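Have a look at these structures, which come just after this line.
In the two assemblies presented below, chain A is common to both, partnered first by chain B and then by chain C.
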Partner chain A sequence: MQSNRLGWILLAPTLVILFFFGVVPFFYVLWLSFHQWNPFALDPAVVYNGADNFRALVFDNGFLASLGVTIAFVFFAVLTELIVGYLLAQAFMKEFPGKAVFRTIHTLPLIMAPIIVGSIWKLMTTPSIGIIPSLLASWFGFDLNIGTSAVAAFTVTVIMDVWHWTPLVTLTLIAALVSLPADPFEQAQIDGANKRQIFWHITLPMIAPALLATVFIRLMDALRTVDEVLMLTGGGPGSATRYLGVHIFKEVFPKTNYGYGSAVSIIVLYLTIVACWLLYVALIAPRNKKA
Partner chain B sequence: MAGVNIDDVYKRYGSVQVMHGVSIDIEDGEFVVLVGPSGCGKSTLLRMLAGLEPISDGTIKIGEKVVNEVLPKDRDIAMVFQSYALYPHKTVAQNIGFPLKMAKRPKAEIDEKVGRAAEILDLTKYLDRYPKALSGGQRQRVAMGRAIVRDPKVFLFDEPLSNLDAKLRVSMRMEIKELHQRLKTTIVYVTHDQIEAMTMADKIVVMRDGRVEQIGAPLDLYDNPQNVFVAGFIGSPSMNFVKGRIDGANGTRQFVSEGGLVLPLPAQASVAVGQEVIYGIRPEHISIGEGGVAMDVVVIEPTGSETQVFARSGTDLIDAVVKDRIAARPGEKIGFHIDLSRVHLFDGKTQQRL
Partner chain C sequence: MKFAYKLSASAIALAMMTGMSFAQDIEIKNAEWWQEAGKKFDGTTLRGVTESTPASNYIADVLAPKFEELTGIDVQIETTSWDQMYDKAIKDMEAKTGIYDMVYIEQDIVYAYLSRNFLVDITKSLNEKAELKAPEYSEDNFTTFAENFRGSDGDLYGVPMEAFIKVYLYRTDLFDDPKIQAAFKEKTGKDLKPAKTHAEYTEIAQFFTDYGKENGMDLWGTTAQAHTGHPASWYEYFESVAPTFGVYDWGIDANDNYAATVENGGTMNSPEAKEALKWWLSMRDIAPPESVQSTWTEVATTFAAGRAAQGLVYGENAAWIATDESKSRVVGEVGVALPPLEPGVMEEAESGKGYIGYYDGGAFGLPVTSKSKDAALLFMQFMALPEIQEDWAAAGSRITLTSTYDTPKVKEVDKELGGYYSMLRDDGKLFKGAPEYPFHRQVIEATAPTFYEILTGSIGPDEGLDMMAQKAEEELKNLGYRK
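And now, the complex of A and B:
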């Protein structure tokens, strides 16, 4: 009993902070999403307007376009991160000279703030001064202009995200691979499985839990990407890289349209939950049921 | 089907050498049992045959082909690991059917073979379970199943029955023998179980510390062990050994132990007076009766079908196994009659057979 109370006392500060910085804002946003509130409008009052914010979203081309590019961005970024991350993790399972150094360098992007990542990539890709367009132009005669080409801008944001977050995938997968028992792999070789079969029938199912956890984390993060993209392209050209986070930022702060912004936030949250749930149902649940 | 030829194979892990020039010839269709104390390199040898462990020196041939550089999947061998090595995310049926699936056999054939293997192994009830929901013995049978659905060149079994109860072990032993007679596939089989080794093997290989001590037919090893180690390892209960020297003081040669126990020698024994020897006699080759070597009874252990008698003379302890019930009590005198045709003499220093 004694130690139980002590536990609560020690936890109290964290709980209070969590409550005020996590629970309260969440319900505040949820509440706001059912209201119209523009503090700088002629009528700054908070007015209840039911599901109007959400209804408006369905016909809001800006939002729908943003949703489309976001889904494309998340799909390409997370898929590439998984593939590259897995290949790197496999490479790090082997011994090669300079492995420790390379592994350290490779995790460096992880410790950088997104805003800095955005700045670095902006410096590297700005037409006429960036190193990447310059090299592409002189080597391949390719004109990379993220200011005018929607495809270029989209691709560069995906590459930037991959650059920033692949190390996270690599690290999780290294941990998963290291903890795998060796004998199923030996047995599979005895059973005549080739490398491809071993990957699909043994490795993948055995790292699936870790893989899925990584996908969840990356999915959630990628769905709410803001600062890097805002820094790099500002959502442009046009709305080519106006991902939901950027959309909210651009919609809410300049226009101080808080009710609308809250509604979009709730949609993003909903999307994240649905995506994770779908993955869970498709990949994990059937196995648990059988077991 | 193929024979296996192991020629002067060495294995080093860094600076640790665990295999010191092992050579074994296994003929096509032979059932070879590897025995030896824990850590002598039996599993390592099997893993080298399977290609899971590179060999440091020497050659291994399966059939006519040197397989030193051949990948495990291309060696066409089936193996049951000491640790079972089941696929944790696959059901029993999927585990057993995995090698067939990898070989892209039609589904109907896989189902049929898995069903039959499950029947033999008494696993039919468990086909849909995952390995984590099985007992040790059941897991071991799944591992067996994965091997017997195949028709490989060579079977490698690493203590495949170690976790089964006595009854199941007897029936599995029969199944394996039957499998061998039916398929006539070469089998290399590791076991700690004397009875398994003696009853199943065409040929037993006794190993110690990464060396082959002796190779031979089971009864050949039992009758003519080449050294003290093999003599003590083969046979259960194991052979009695008494250290001493040959004494010829009163004209007839006798064996006198360090503790003063006098034992009779076979007439044709090629030993010289004064020579240091180790005298070996199996418990089952001693009978009990009037006269003979006088011993003091220490313990009597009746098992029903036979009786094991531990007796002492001075510091020397000898045990005998006899068919009759013995009425003697501890401390009483008893007479041991040694079957002279079954006495084994070994050199006191080299421990080799004389």
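And now, the complex of A and C:
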């Protein structure tokens, strides 16, 4: 009983902070999403407008286009991060000269603020003077211009995200791989299983919980990407990289369309929960059922 | 490690000493009055938030320490990006948290702030509290730019701290080069001199882009602030290009139910607006490749790097481009001229019906939510003292008091800048700030996505401007301004 009370006392500061900085803002945004409020309108009052904001979303071409490019961005970025992250984690499981140095360098992007990452990539990809377009032009005669080409801008934002966040995937998967027992692998080898069979039937199922947790984290992060992209492309060219986070930022901050922006935020939260739930149902639930 | 600490400490000490020596260089007349006035605020800390510009940095680095030395009032100035500054100021005033005692008001935000009654009436406050009014402070000292910060009652709601025009900069080393002049003459049959019309500007721009290509130089004929995802491009077109074709106030007629479309009485999609956009796009196409990612800062950097022969550049950058060898490759090689115009636009500007370009700048305003209004009023008057203006003008290409034009340092820099300050004084009246609308960012964000699509070529300029004018009217209707 005493240890229970002590536990609550120790937890209390976290719960208080979570309440004021998590729960209260969430309900405030939820409340705002059912209102019309632009402080620079002729009438700046907060007016209840039912589900009008959500209804407007369905017909908002800007939002729908933003949703489309965001899904594509999340798919390519997270999938690439998982593949590259797993390969790197496997590489780090082996000993090779300079491993410690390489692992440290590889982890560095993780500690950088997104706004800095965006600035660095902007400097590197500025048309004609950035190092990447310059090298691509001189080596392959390829003109990389993220200011005019939607495909180039989209691809660079994906690469930037992969560069920034793959180390997180690698570190998580290293932790998962290190904790795996050796017995199943030894038995599989004795039974004559090849590497592909070992990966599909032993490694992957055993690291699935860690993999899924990583996917959840990256999925949620990628869906709300703002700073890096805003700094790199501003959402352009046109609306090619106006991902949902950027779309919300532009609705809420410069346009001060607080009610509508809140509605978009709620929908994005809903979509994130649905995506995570679908992933859970597809990957984990069948295993639990079997067990 | 110890050496590194010592080195860092020395560097910090040196930096502080440099700042202090700057601060000590300024001699304040009637210093006793300031010491006396500051006594009752001893221990007070004032907080301000502003955009990181040369003029703002001077306030943070030089004026704030000097004011503290004089009055004992600590002044903390936060210099940050425009977006951050706007966000922080709005949230503070909206939520009435009273964090900031001074907020930067760019000329185009003041109307929005006034419409929300966010700002203290400085004229009235100083009239009511005579003990706070500094002997050397007078609203009569300000240039006409201060008019932008007056309310409908004629009172001042912001103390101007930076003011500049967006000028036509050109490279004197290129324009005065006899070989280039001969080549230009041979190609066009004309003398090479700063353009007065768009046709002349086009000819010069095309000549230099071709010249750069033919001679293997990183040189293009013009700059273009043409970012395909940042409102900087929107601003360049509507505030600097469209007016030179006779399209004013973004093509929105505030006196005609905020009409934007031609059919309702606006000019946002008028033939002149479409011609202006097509001309600007044609200039963008022969500008340096980075132009499609350029905001105001990058345009200045492009020009300072010697990559453009001419261009429209914000005046706040003119001084460092022309004088700072650590940042610019074209020091001493910069000339200024009025922007190229269509026939009839100059006459409209002179008669007050129109204008030829953008007069930008900002002021420090005092939020009604401030917890130290009186101390803030003191600092804001301090910023407007004639004796501190000279160095500030030389450092930040800004002039807000008429007397500053005649100071020795400003005259000296004026020569290096090819007469920029003289132009600001003599021709400033031909330029105009942003229109007096309280809905700037709202209309910009409503129409900008279409504008970016025009820039990428997904939508044609004619069709795009038609769509933008309609979007503008829709947004104004949503906001309640258009009935």
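Here, the second predicted complex is superposed on the first by the 277 of 291 C-alpha atoms of A that agree within 3 Å, B and C clash if a C-alpha of one lies under 4 Å from a C-alpha of the other, contacts with A are read in each partner's own complex, and residues count from 1 in each chain.
The definition used in the following text is that a residue touches a chain if its C-beta (ideal position, glycine included) is under 8 Å from a C-beta of that chain, and two chains touch if they have at least 3 such contacts.
Since the model is a prediction, treat every value here as computed from it, not as a measurement.
Upon superposition of the two complexes on chain A, no clash is found between chain B and chain C, which fit side by side.
Touch counts on chain A: comparing chain C and chain B, the chain ahead is C. Of the two partner chains, chain C is the only one touched by A:T256; chain B is not.
Legend: residue contacts after superposition of the two complexes on their common chain; A:I129 is shown touching chain C, with no touch to chain B. Judged by the touch definition given at the top, the superposed model places A:P237 against chain C, while chain B stays out of reach. Annotation: apex chain A, arms to chain B and chain C, angle 150° (C-alpha centres, rounded to a multiple of 10).
In the superposition on chain A, contact of A:D43 is made with chain C only, not with chain B. In the superposed model, A:G147 makes contact with chain C only, not with chain B.
In the superposition on chain A, A:P184 contacts chain B only, with no contact to chain C.
Chain B and chain C never share a C-alpha pair closer than 40 Å once the two structures are laid over each other.
Against chain A, in their complex, chain C makes its touches with residues 83, 86-87, 90, 94, 112, 115-116, 227-231, 288-293, 298, 438-439, 441-442, 444-446, 449, 452-453, 455-456, 458, 478-481. Within the complex, the chain A residues that touch chain B are 183-184, 186-194, 197, 201-202, 205-206, 208, 287, 290-291.
Interface of chain A with chain C (complex): residues 38-44, 62, 122, 126-129, 145-148, 150, 233-242, 250-251, 253-257. Contact residues of chain B toward chain A in the complex are 50-52, 71-73, 76-79, 81, 83-91, 98-99, 101-103, 128, 130, 132-133, 146.
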